[in-house]
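All chains are identified by letter, namely A, B, C, D, E and F, in their written order; residue positions are counted from 1 within each chain.
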């Protein structure tokens, strides 16, 4: 019972159909791969809740929410890739394009599955991007 | 010239008409007052750029972007207030409602002005909320 | 000064980039031409404020907000036209299609002008639709 | 059969993924708690339809639509709370913050359940807010 | 297995909660009934995939996506009807209003069913509109 | 006068704050680089209208609309890049990542300028992507 309440609380906060804030490279650090990571963590949580539940209505809500979170991960990745990274970054990190492409594809894959391993891969790919991001900020 | 490029880079990333990600209290910390703060910092930056510019088209873009960022600040604040905070928090922090109300109103005020002091007040109000938020996480 | 505050209050509340709620013909009366009317009244108010102001930043905001409100008027009209009205209504009110078409076009025209007469025409067209709507509810 | 048609008509009109119109305190009365009430009535209707149906696809649609309506209720409440109500209202109605907070939480709760009692509570809370709203308009 | 992958690929690309691009009558031909047709084809594909699947999670995703695509069909039709077509077109094509009204209603009906015949009817109605559209462009 | 009417007609249709339809690789050809091209043509038209006008309110509207169209171009490009193209395409077209990256950056640049040459470059970059897209469809 308490678990269900907790699960519901998680889902409730996340079903806003409203979407995706873009960011910028202000000195305040408005570009931040944490955005993509946070949504990817939510994707993972939705999968876990989905797998743990027997309640059809709840499972439907988990899918709705996961769908939205995956889309937000994609958007955050695209903004970082297009708006933050510059040609000079590509010289130092020639695999940058591929990293973003694969992470975006994994975010798409995460829509289609409740296999937590996919969410873990997504998180790892975002972390690899974050490592480069922060290295370029030094 | 270089300044204008920088200014434009700031604005460019931020004009997505797509809006506002909701969050949740997963263990991963998906509720995070940093969201509101980051957008508030962008509000402030838009004001500074607006004030520093003589270019009508640019100033128009600064207003468009600021309008969106203020709205996102409000949304992030509302989500925190409604979804994260619980009755027991109110007992410990009886001014919680008022803090959120005032910060939301300041975010609205920031739409109407390019006075950086309003953005600074907004940032301070968000920081006060963040202090309480993190205290409840201990 | 007080007028400006009032004007700003009007604009502030209306700049949400988030958009347009659909409605339905529940017994609770969720379809309601009042929606279109309310947004049309805001369109008119934006025009009046625009015309009364000398402040460039404020005028820009008035245009942004009016643009959104006109779009919402259109959406509310389309939903009423498509979802609420049924073939039997057309038999009784053969000019129904034309009423909606013209009102939608006027809403588009209101984006392009700050001539309050256009907003007044829009309000009159919505009222004509509302009269039919409520007649069909009897 | 006819019931199903009716049910579908209800759901059809409401699944716009597009969201939430903000309002203002124009003399025309653009702020109006009726907005939140109407969406709350739809929330209740979705629950009733969900409970009455045996069709999995239909039940899924009911959940999607209810999710959106609950979010709109929340948004309308937040706009009223932040944009319409002023400090002097709080003096007269010291429980205003709490009323809004509880109603917003109930709207969140309504996402998680198809218990019509929750929708009824939400409607009652919105009515209490509406009573205050109209009292302040006198 | 491969089929499921294909099906998932179809759904994945389409679940963006972000919505509906408007168009215009530039010489470049930005108004284009192809928009409504493409989304209607997706509606049909979603129905086919839904009918062919035994996987509850997949079927839920198919409904979510179809809901969005139907809404986009409606929006594209409304924009064409309101913004592109002019009074002189109505003189030549007096059934224009009715064509749009019926096609919009069919798009609504397609939300409620997985009967591919409804999608086929929708496609035919859109094609009839396209024929008129292109005739007016000559 | 007639020109102004035309210009207004162009802008009017394009100011929907609602955004961006995703696509898929159905046999019906739902992925289509024409989407990005059409929006890029609108971007160019907005620039031309902006440059030709002396009316402040109109110019503001042109900027608002261009902002939205640029964002849509970006979204359409990202969807094609992430969802349509597969690793085997990269083997044949090793510059694919770079093409998309540059086109996305040009779309961002087009927000900041009314220099038609930028829109022309954007259109050329999209055409290069379209050539590859259609080659992979053979």
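Keep in mind that, in the parts below, a residue touches a chain if its C-beta (ideal position, glycine included) is under 8 Å from a C-beta of that chain, and two chains touch if they have at least 3 such contacts.
Model, not experiment: these values are computed from the prediction.
Asker: Along the graph of touching chains, what's the shortest path length in steps from chain D to chain F?
Answerer: Shortest path length, in steps: 2.
Asker: Go through C-F and B-D and name the pair with more C-beta contacts between its chains.
Answerer: Answer by contact count: C-F.
Asker: Same or different interface residues for chain B and chain F, judged by whether over half of the residue numbers are used by both?
Answerer: different
Asker: Among the chains here, which has the CA centroid at the largest distance from chain C's centroid?
Answerer: Here the answer is chain A, farthest from chain C.
Asker: Going by the average position of its CA atoms, which chain sits the greatest distance from chain E?
Answerer: Relative to chain E, the chain whose C-alpha centre sits farthest away is B.
Asker: Please compute the C-alpha centroid of chain A, do the same for chain D, then give the distance between them in whole Å.
Answerer: Between these chains, centre-to-centre, one finds 30 Å.
Asker: What is the distance in Å between the mean C-alpha positions of chain C and chain E?
Answerer: That pair's centroid distance is 25 Å.
Asker: Give the residues of chain C that touch two or more other chains, as numbers and ranges in rising order.
Answerer: 11-13, 15-20, 56, 60, 64, 83, 108
Asker: Which stretch or stretches of chain D touch chain A in the complex?
Answerer: Counting only chain D, the residues touching chain A are 17, 19-20, 50, 56, 59-60, 63-64, 67-68, 70-71, 108-109, 111-112, 114.
Asker: List the residues on chain A that touch chain F in their complex, please.
Answerer: 74, 78, 81-83, 97-98, 101, 104-105, 108
Asker: What residues of chain B sit close enough to touch chain F in their complex?
Answerer: For this pair, the touching residues of chain B are 8, 11-13, 15-18, 56-58, 60-61, 64.
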